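Taking it in order: structure first as structure tokens, then the write-up.
Labels for the chains are A, B, C and D, by order of writing; each one numbers its residues from 1.
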Amino acid sequence: MTLAIELRNISKRFGSVRANRRISFGVKTGSIHALVGENGAGKTTLMNVLFGLYQPDEGEILINGESVVMATPRTAISCGIGMVHQHFKLVPSLTVAENIFLGMEKIRNGLIDTRAQEAEVAELSQRFGLAVDPAKKVADLSVGAEQRVEILKVLARGAKTVILDEPTAVLTPQEARELFTILRGFTAQGMTIIFISHHLDEVMEVSNTVTVIRDGAVIDTVSREGLTEDDLVRMMVGREVNFSRRPRTPNEGKSALRVSRVCARDGRGVPTLRDVSLDVGAGEIVGVIGVDGNGQTELAEIVAGLREPSHGMVEIAGTAAPSGDPGAARDLGLVHVPADRVRRGVDGSSTIASNILMGRQYDPEYTSAGIVLWSRVRAAAAALIERFDIRSSGPDQVVGKLSGGNMQKVVLAREFSHGAPVLLVDQPTRGVDIGAMERIHDEIMEQRDRGAAILLISAQIDEVITLADRILVLFAGRIAGEVSGDTANEDEIGRLMAGGSLIAEVAA
Amino acid sequence: MTDRSPEISDRRPLYERYEHLIGQALAILIALIGGTVLVLLIGENPLLVFATLVDGALGSPERIASSLLQSTPIILSGVAACIAFRGGLFNIGVEGQLYMGGFAAAWIGFAFQMPPVIHVIAGLLAAVAAGGLWIAIPAFFRARYGTNEVVSTILSNYVAILLTSYLTIVVFKRPGGWSETPGIAETAYLPQLMTYSRLNLGIVIAIVAAILLHLFLTRTPAGYGMNAMGRNRSFAEYGGVPIRRNTFFILLASGAVGGLAGGVETLGVHHRFMEGFAPGFGFDGVIAALLANGNPIGTIGTALFFGALRSGSLLIEVDTNASREIITVFQAIIILCVSAQILIRNRRDSTQGERRWKI
Amino acid sequence: MEDLDRIFNIALLAATLRTTAPILLVALGGTFTTKAGIFNIGLEGQMLMGAFFGVLGSIWTGSAWGGLLCGVAAAMTFAATFSLFVVTFRANEVVVGLALNILAGGLTISLTKAIFGVRGSIVNNGIVGLPRIDLPGEDLLGPLERVLSNHTPLIYVSFILVFVVWLILFRTKFGLHVRVTGEKPEAAEALGISTARMQHLASLCCGLLAGLAGVHLSLGYITMFAENMSAGRGFMAVAVLIFSAGDPGKVLAGCLLFGLSDAISLRLQSFGLSSYLVLMVPYLITLGALFALTVHQRPRIFRETLQSLNVMKEGAFASTKRKTSK
Amino acid sequence: QDKEPLKVAAISGYFSQGFGISIVEGLNRAVDELGVELKIVDTGNRALDYEEQFNNLAEDGEYDLIFVMGWELVDALTKTSDSHPDQRFIFIDGVLESENMTYIDFLEEEGSFLVGALAAELAGGKVDGFDSSTEVGFIGGRDIPVIQNFRMGMQQGIEYVDNGTELAAVFAGTFDDPAKGAELAMTLFDQGMPIVYQAAGPTGEGVLQAAAQSDGFAVGVDIDQCPSAPGHMLASMLKRADIAVYDLIEGQLAGNPVVPGTVRVGVATGGVELKICDDIADKIPASVIDAMEKVRSGIADGSIKVELGQ
């Protein structure tokens, strides 16, 4: 059996982060090879190295047995490698055909031959069973269609090996299943697939071989035959993971956060939230789950006051929060752990102490007679660094140089130390290692135990099952169903996330 | 804007803390080399030119005072620019605010009779108000509708210069005079600091303004919020800093200080408003602020440097055959070198896709 | 009314073409950088360099076309410096742009003094201006002949370029890549299109047109160089670029608006209005347009609210857009 | 016993523009023919600098004569002159309050009166080769007092002829934008004005070029601008600063030192005159030439008074 791709001792570091450490494995021609590992394990980095987007610090890449230096993506493309990125790289203002032929335009008389390009896209989409309208603007496409465009882009470049980085994260299970059919079709034509996923069931369903990466290093490469999901989990995390539910206390607090009939639209006017209502009581954790792009981001932003709903309102601790005013929401007692911590949660260019102060610069604890008492801020920061085990050189460390997980801990430390009555926690463990994840979960439980109302937004089913008292499933901007935390199981939630049972269970 | 937020002072190693200073010194060196080549090109002796430059800037107490005098409006314009800059905004209209403030102060000076100290204060307040009002409309549209403030403030510069000319020449012209208003009452003069120079209280006002801004930014909660806005707008928004309101008031404050720069100039130096009384000071201030990376204390330094260059260039005109415009060329080269930070750019970050300032 | 006739007549159209052309040329140059995602406030300086070296080149070579080449080359040198600092050294584009503007001012004055002994303007000295073009077929054009004929070539070029630039940006590979670089650089990089290269090239294209604009000022519109003779036209172009988002059609509209208001304002003085007030008119109109356009983008909130109400009426069972789009 | 050559300095922001050029011409002639030493200082346009520049010049008492031109320098000049009472300053083109200085006052309004009279005769007189019109034009650089002097003189010249011709006066708002000057001039020519007079520095150069383009006639200012647009230049209103400056220096050397007081230079002294361009002279009917000569002598002998301040 020939190896389509072989990686030897690939290492890549970003500053102090060692994203890949001496990674070696081979991918057989005509197989579907899965790459699994925790968030931040280094999968995307490795694929970017393979695709020539990053240069490895050391190591060698062999294509069909020949060593190749992947200087740029062009080299990779000419080696027959194509990549569908985790975050799509499509240009919204261009048409499907223009996107697909970007960089290899068909030229006639010096101008781009739109008609020929569209004809060829139509032909390709027919041949591989990927339905798209070549003349449509990408801005007007659904996520699933965008992904088909990404795949066509790769095929149009004559790729023999296709890398798919978390292709199913944005898909409904049905769409995912269609994708798998297509992928199997590809291998039948002799193509090779590398496929990254967090969904172990998908991995089990579709792959021939699995490579597990942990902390940037390869744990093992195994054949799917005879493998169980539990084996995979053990290899990924390094130990048995306790998926057991946290103890729950019945909710007797009164409503502390109420969202009533909220609607929102994106820039194009497409509805992103449709008539969403929910209620979180003091001492209760309400989990909101959904596949990315089904409205969680918008919901979180509206609750935090960062986005104006086109309709509806948010009440915090019994008072209507003025929409689009995050300061007011904070004053009413809401704290927020944002999903996008790099852009929103921290100011990377300033110190931990300075980051800790945000939102509390007028707090008499840190300010007296209109002067910020930096010594106190620094002392508080030092205490929080201790308590949250933030690995840093101290309060004066610049946040931008912290690792992602530690950055997240800075955010949590700031927000959770307010003793606020309402917590909005958005994707708290994304990109956080498993040890830290447990600590974060502990902190969230602690906050609930002291009586805070917590709205937990997550894309990970196990996380909401572990923590939440009640689980709301968002699908296409609507609450597709509510499940009790005690009785929830992944199947049921998964079905709701896919929009499977809108009719059966409309949120009360 | 990627270079907009200055590194905050912290307990970094000494080298890191001062690496930008080292970089700037090297940049000036490169600029000097470039300047030398240029001076040679136009057929002058570079040593003579540089020596004359230094002599003209620092050669005698009068000349030092004159350098300080030249720096005064640049420091104040620089502080005005810093305010916007630190709040993540861009006020390129300092020039226009300077004209408006200069005119307003002069108007108070010549049109009203007041007791001594009060007259000066009234004049300066009028300058502040005029500068603030002049930027109010662009500020409102920036805050409310996101209208690009760079363009609106550039355009208002033209209008301000024409408007003050109109007021000076058509409405308030001194009979029989050049294009200038009547002189202001002596009660409105900013006191001179020494007999042999026109250097006046303005330099003190300017330095105090810079220090106050520095203290405001580093010591007060509002300054903290404003600083955060400049460094990472979404972070500040998320943290509850009222972005829109701040945007409006930051621009307003920036314009007000720009107006003050003009007021200090008319009350302290010219004792009347004359058209073309301070061309280019607003732009020099903006650049001084950018070079100091928005740090008001640093702006004092860069502005003093520019003032010395300007003052030194006067002697160049007298003692050599080079045009004093050669100084603008030096200035531009220095700015380019410093902005590029060629020598100190941290290459480790180069894999990160950097977002440029978009329209 | 006789007074109105004095303003709004056929000569106004010709004047509008003339006042529009220099801004249009430099703004069209700016479309390349704007589309490539660079904010180019250095247009003024590039234009001034074009004007100055246009005149120098014309004197040296004794030919207007030699001057044109020199002017364009000088402006492109400036543009290359701009992109070197902005793209390669990743310096702040506003700082670099402003610094280059200052540099252009200082350099042209210093060189004037070094070469001609005095600063100020360069007149005569053997400058050869661009020829004027008489359109054939006077009978065909009728009264339009007065509007359209007897301009220097760059006026026609500037208006033709609107279409050409549009064609380049929207119909050629190069233009497509420039646009992608500005809109979604990571998409370009992922396909092996070097965004840095595209930005350098866009900047060079910009320098080319800005240089033409400068040459048009000093060898076309008139035949001389004067200190700072670009007189803020580059800054006006920046303003037009921002509210046109760099679309050639809108750039044309914006420049025509400014050119027309400029041409009208020149005529308004015969009504006895003070020149100072009249000269403000073009800036005020442009500012007004800028504000009006940004405000115009806002009422969407109202529309969104109405639409949301409709969504709620649709009821919970309506099929979603995402599903049906499949 | 004085072997040292005479040292002369001149300071202004306008040495590159018409009037300044003619001052420099006079100074250079003095250098060539009289062997004086000359330093020319360009002030630039920054008001804050002027005083320092004067101090730099006056400090060492190095210069025997310092020529100054430009109204914006007045303040700084007065101050320096007060603190250096022995320094001889000659202010060109105006009279100030200080009794310590020498003034050369050019009567540009008299020359402009001649321009107005000529323009009215030609435009309103149905002269062959000139379009007849009820209007002639004036383009000023900026609307400032000195430039208004030109306008007022021209206005009175037109009124003196009294043939129904009127003046359309406009201002470019800048001395540095020749393109705008050209555009303004084309506007006036398009409105049917056959003759346009400019007092606008480099902006005015654009006016002259526009005359050639629009097939009109322009009148130049300060120096002989007739070569700027051959065939389309009617005349140039000359302010002979070169002669005035040279004469003063020559006098100083000849033992007739420059003293405080005012030297008035106008049509009477020949320092201000209207030069009809050679290539156009034969187109102008003798009757007009005669009329102009009458006006000229009227101004010279004081029977025609040109007023300012209207």
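Heads up, the rule we're going with is that a residue touches a chain if its C-beta (ideal position, glycine included) is under 8 Å from a C-beta of that chain, and two chains touch if they have at least 3 such contacts.
Keep in mind that this is a model prediction, so the values were computed, not measured.
The minimum number of touch steps linking chain A to chain D comes to 2.
By number of C-beta pairs in contact, B-C leads when B-C and B-D are compared. Look at the CA centroids: the one farthest from the centroid of chain D belongs to A. With centres taken as mean Cα positions, chain C sits 28 Å from chain B. Distance from the chain C centre to the chain D centre is 37 Å, each centre being the mean of its Cα atoms.
As a whole-number value, the distance joining the C-alpha centres of chain A and chain C reads 43 Å.
In chain B, the residues that reach two or more other chains under the touch definition are 162, 165, 169-170, 323, 325. Touching of two or more other chains is recorded for residues 42, 142-143, 173 of chain D. Contact of a single residue of chain A with at least two other chains is seen at no position.
By the document's touch criterion, interfaces exist between A-B, A-C, B-C, B-D, C-D.
The part of chain C that touches chain B in the complex is made up of residues 34, 37-39, 41, 81, 85, 89-96, 98-100, 102-103, 105-107, 109-111, 113-114, 119, 185-186, 189, 232, 235, 238-239, 241-243, 245, 274, 276-277, 279-280, 283-284, 286-287, 290-291, 294-295, 297-298.
Those residues of chain D whose C-beta lies close enough to touch chain C in the complex are 15-17, 21, 24, 42, 140, 142-143, 168, 170-174, 176-184, 186-187, 190-191, 201-203, 205-206, 209-210, 213, 227-228.
Chain B makes touch with chain A in their complex at residues 5, 7-8, 10-12, 219-222, 224-225, 228, 231-232, 234-242, 348, 351. Chain C meets chain A in the complex at residues 167, 171-173, 176-177, 179-180, 183-184, 186-193, 300-301, 303-305, 307-309, 311-312, 316-317, 320-323, 325-326.
The touching residues of chain C, when paired with chain D in their complex, are 6, 9, 11, 14-15, 18-19, 22, 118-121, 123-124, 132, 150, 217, 221-224, 226-229, 231, 262-263, 266-267, 269-270, 274-276, 279.
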